[in-house]
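Sharing a structure, written as structure tokens. Questions coming.
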Amino acid sequence: MYFFRNDYSEGALPQVMEALARTNACSTVGYGDDPYCHEAASKIRHRFGCPNADVHFLVGGTQTNLTFLSAALRPWEAVIAAGTAHIATHETGAIEACGHKVCTVPTADGKLRPEQIRQVYADHGAGRDEHMVLPKLVYLSNATELGTVYTRAELTAISQTCRELGLYLYLDGARLAQALTSPGCRLQPEDLADLCDAFYIGGTKNGLLFGEALVIARDCLKPNFRHAIKQRGGMLAKGRLLGLQFSTVFDDDLWLQAARHANQLAARLTEGLRAAGWPLLVDSPTNQVFPILPNDRVVLLEQEFSFERWGAVDDGHTAVRLVTSWATEPAAVDALLAALRP
Amino acid sequence: MYFFRNDYSEGALPQVMEALARTNACSTVGYGDDPYCHEAASKIRHRFGCPNADVHFLVGGTQTNLTFLSAALRPWEAVIAAGTAHIATHETGAIEACGHKVCTVPTADGKLRPEQIRQVYADHGAGRDEHMVLPKLVYLSNATELGTVYTRAELTAISQTCRELGLYLYLDGARLAQALTSPGCRLQPEDLADLCDAFYIGGTKNGLLFGEALVIARDCLKPNFRHAIKQRGGMLAKGRLLGLQFSTVFDDDLWLQAARHANQLAARLTEGLRAAGWPLLVDSPTNQVFPILPNDRVVLLEQEFSFERWGAVDDGHTAVRLVTSWATEPAAVDALLAALRP
Amino acid sequence: MYFFRNDYSEGALPQVMEALARTNACSTVGYGDDPYCHEAASKIRHRFGCPNADVHFLVGGTQTNLTFLSAALRPWEAVIAAGTAHIATHETGAIEACGHKVCTVPTADGKLRPEQIRQVYADHGAGRDEHMVLPKLVYLSNATELGTVYTRAELTAISQTCRELGLYLYLDGARLAQALTSPGCRLQPEDLADLCDAFYIGGTKNGLLFGEALVIARDCLKPNFRHAIKQRGGMLAKGRLLGLQFSTVFDDDLWLQAARHANQLAARLTEGLRAAGWPLLVDSPTNQVFPILPNDRVVLLEQEFSFERWGAVDDGHTAVRLVTSWATEPAAVDALLAALRP
Amino acid sequence: MYFFRNDYSEGALPQVMEALARTNACSTVGYGDDPYCHEAASKIRHRFGCPNADVHFLVGGTQTNLTFLSAALRPWEAVIAAGTAHIATHETGAIEACGHKVCTVPTADGKLRPEQIRQVYADHGAGRDEHMVLPKLVYLSNATELGTVYTRAELTAISQTCRELGLYLYLDGARLAQALTSPGCRLQPEDLADLCDAFYIGGTKNGLLFGEALVIARDCLKPNFRHAIKQRGGMLAKGRLLGLQFSTVFDDDLWLQAARHANQLAARLTEGLRAAGWPLLVDSPTNQVFPILPNDRVVLLEQEFSFERWGAVDDGHTAVRLVTSWATEPAAVDALLAALRP
């Protein structure tokens, strides 16, 4: 069985495993106040060009999203997000469970536009109608849940819109490395801290055992955030594990190398699918590919390959999601393409 | 620097590290639905004699407590706990953040008594005064935050009280293995599932990188609990890591061996402290020891040993907390005792 | 200035004011456990043919909705509602503030259809996908926010769908009396308790100073609801005021008489608008009328009449909302029609 | 049956009822943006010497407390209160239901002391221990739940402590008028806005049908508070009723006259009880009196008088609570004293 189900089907990059083994017996204080975490935070601040940012390490993405959003917002404040946003579709209402409405807008490609943000803001009385929630934070994913990416110009325009309207801009970077290494991407790490108020760098989907690094750039969002982490159950006792893993992958830009591998394998897959004539649901330059297949081919394919059905396109066709990762081998891609020969 | 600060200052047991390395490249589905988790759950059900229990794996203790309690309780229902209970003192109001009051009662040794439970229940109108919260769940820690343990008779009496009053009984087993292996303990694993409605088996403080295994014995508390885990941000993407670790330590009762080691080192420490004439705050048979020391000796000790100050006892004396673990070496204990020679 | 802004622009029906004055000096116990509340509950149970229902009196609609929904749902459970539902548009995210997502579906007329309910349920994995909220309660308004009403057949079909899928059915009856007295309505009070699990009878918008009567028909939703009311701040100290008002308007079906008056004035208005050639946004048989007017006529009209702009229809036209009530005088309607002569 | 059960057993002061009747047919906009509310707010700002304060009208005390506290606090922030505080004992965990812990301290007389506030703050790491909640707001009641009052010096000392520690000071004034009119009270209305960050003026327990006026003096607590009111279900549709009632009782200091009457009747009661030799649980200068009676006398008394048992004092004696109000007649007091002749 070849796995294209997700980018977290295996353990961790060999370098990460090696570091964990090497330091296993060292004694440190807990809760992320250890030398590994300090070192990792320092490397991240340097790599993202934000010497004054706060960096926190959390175990998973839903946890990071709910902890940050609930710490940033007052009870009546709400989030603006694309209809496909992870927080709106696959986090079991975690943001609502913290008390906040997520105002979604439909998109074809998973990407929010400035004019959509303006419209949601206006539709809620521009913050002056107390009978409605007050939109206060824009949530983006990059890469998006559909594998698409924001260009530097697009992210800049959204950032300007947010600042004009007094909205926070938060970027869910579960697959940030994959976005940054996508072909033709001109967005640089240092742009993130400049354009966003906060964002996180995904580790779970990019070769760590687990872990996300939250970067808070905006001063007013920094105080007491460790209280928030602890209260929401996200403070890892052996926080050292998070620091050590991030510290490891920020050496030699290993985090970008791992993502580039995933993207390259996805490109090989896309190319093969196109050559075989299969249509794609969306044009994705990162490590998620969404071919549209006849239903009977999907059933056949499932016998040898593990992947997710994304949704029915029409009565006879289904879009499926194929995900590559740092661990995907070319042979697996070739096997899949062979199985999909027309 | 010798570490007596906590039982999670190092990585994991060698067997755990070896298992992680060995299986690193295997592909599995995510979120705890993989073969390792199924195997670990099966071993736990067998070891605790509860073939019908649900077993869930979570990353940390605060997360486990808040997820279970908020899933079990209706909005107006409250928790009864000792004043020293972890949820009441060191979880940043996580239970209240989920909407529930924790009604605490003072204790000298961290252990709740049946009559205290009855009193809290009666003081809240026995559930019939709508101006007050309705106590619905009793929270115990075993071993307690003070290192003490419940006897089999004590836990049985509490369980009977809870059933009589219609209260759920939940046991926080962050240090359950340490309790079960404490000298003279007649409480058996199978008693837990019999006497409690739910409990968790701590891994973080007993040699795992991280992880707690929640066992839900009572049927009405089982439905949709995975929704609760995901919503609170506690569902690990690579859930396999949790299953694999627990599966490893349930072979040959490695979890009990690790705890027994910690207890034995603590006993050596206690014996040495007593021999040197230092009074102890509480009589603990497990891996936390609380000597009361003159303030100047505490300051001196901190130069070579890492530990936590527990609290001032009088103007000149402080109780400190010394914790041993699976990783503590006899030499460290001896060094500490040497430093505390009168 | 004539008021068509809302159905709560004045005080209360003369009979209500008289009852308040007459009983002002009587002493009663507080919190709704007084003889007036008992009498009102008894009249309501009788009029709605539900001798075993629980009846609770609350001050306002948002309070009633948030208290009932948060008491009925577990943390991961969600609500299905029309996109125009009051809870989704004009209650400042009150349901989300209690932790629950509201899954909305677009409608042209404010009315949910059984197939929409089925679709939302299916889209959330039919309750078996822990990465999504679990839809558990259907929220309807009758009359809807657009003045439309559910027929007996429509409500029956929705009720059957809910029972089949295991969903609670809750009806927001802020304008229930207006629905029941709308022309041709075959829905009877006794149908409500039969088809819904809970519903409320609106007083605020039908001639009371304030007050809504919540009727809980389903047994499993009854326990400890007074705890929920108190906890959410909805338990009126002088609960007597609520019981007395409802008791008064359930004599001689005064509640239906008041609503019938509002509907008749609205019908007179609708007829006049149609005769003058103004299009209507929606065909409403109750006390809210939505003519579409040229923007300059809207501005002119606002000089003499108080009403709400509902929304732009195109660049040159706006839909406005005109609301009649128990207090509306025919002369006001005639003045408005005169002002809108073509 | 004579009522000493509470100060909200009857309707409203005749002047209030007259105003409601007189204005019943006037049309106004809803939600507290009407001329009556504006006028009442203006009178309150003037009477309390705080021209820049925001004034909001809510229906009840629990609602006011939970709405203000949850709007003022971030998720990890907590409240410091006396163990007898209404929010800690008789509001069904409403503050916890909004996510916040209430840290209580025992008192003999219901009054917090500056040193207790300092102690709680220090015990929580002075706001720097992320494993604990962060105390951020001090809640006082004046008069307290035991009828006692804060002197001007005491309130000043608490205010200074709060400012030094960076804590908000909030005063629950359910019985504020009774405190201000208690014998020897030197605290003036204008002191309140000066010493507190926010407080409310109770109407429900002082002759209104219902209603509390929340005064927010501190600028940072003002923004978007109407959003908070609406979200928590506390925005009365016919807000006019609140404004009108407060406007009425702020003419000629009717609010203070009503409270003075209640206090005078309580003083007459206290004097009689003392003369008859009955001990009092606490020395209360306001309208709640707590005699300690033999259990058999309590049972006898209940046949003719409605009141509340406060709690057992010893096996043979019970403290009862006798409450007077604007509506209490001297004859009722005399009847009670007659029934308690030794």
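We just call them A, B, C and D in the order they show up, numbering each chain from 1.
Everything below uses one rule, namely that a contact is a pair of C-beta atoms (placed from the backbone, for glycine too) under 8 Å apart; a residue touches a chain by one contact, two chains touch by 3 or more.
Here the structure is a predicted model, which is why all the values come from computation and not from measurement.
Student: Name the chain whose C-alpha centroid is most distant from the C-alpha centroid of subunit C.
Tutor: Looking at centroid distances, B is the chain farthest away.
Student: Pick out whichever of the two, A-C or A-B, is joined by more C-beta pairs in contact.
Tutor: When the contacts at A-B and A-C are counted, A-B has more.
Student: Could you state the distance in Å from the CA-based centre of subunit A to that of subunit D?
Tutor: Distance between chain centres, rounded to whole Å: 50 Å.
Student: Subunit A to subunit C: how many Å between their CA centres?
Tutor: So the centroids are 42 Å from each other.
Student: Using Cα averages as centroids, what's the distance between subunit A and subunit B in whole Å?
Tutor: Each chain's C-alpha centroid was found; their separation is 33 Å.
Student: Among the residues of subunit B, pick out those that touch two or more other chains and give their numbers.
Tutor: 75-76, 91-93, 97-99, 130-131, 133, 227, 230-231, 235
Student: Residues of subunit D touching subunit C in their complex?
Tutor: Spelled out, the residues of subunit D in touch with subunit C are 1, 3, 5-6, 8-12, 14, 17, 20-21, 23-30, 59-67, 91-94, 97, 204-205, 209-210, 227, 230-238, 240-241, 306, 327.
Student: Which part of subunit C faces subunit B closely enough to touch in the complex?
Tutor: Listed in rising order, the residues are 31, 70-71, 74-76, 98-99, 130-131, 133-134, 224, 226-231, 235.
Student: Would you tell me which residues of subunit D are touching subunit B in their complex?
Tutor: Residues 75-76, 78, 89-93, 96-102, 130-133 of subunit D touch subunit B in their complex.
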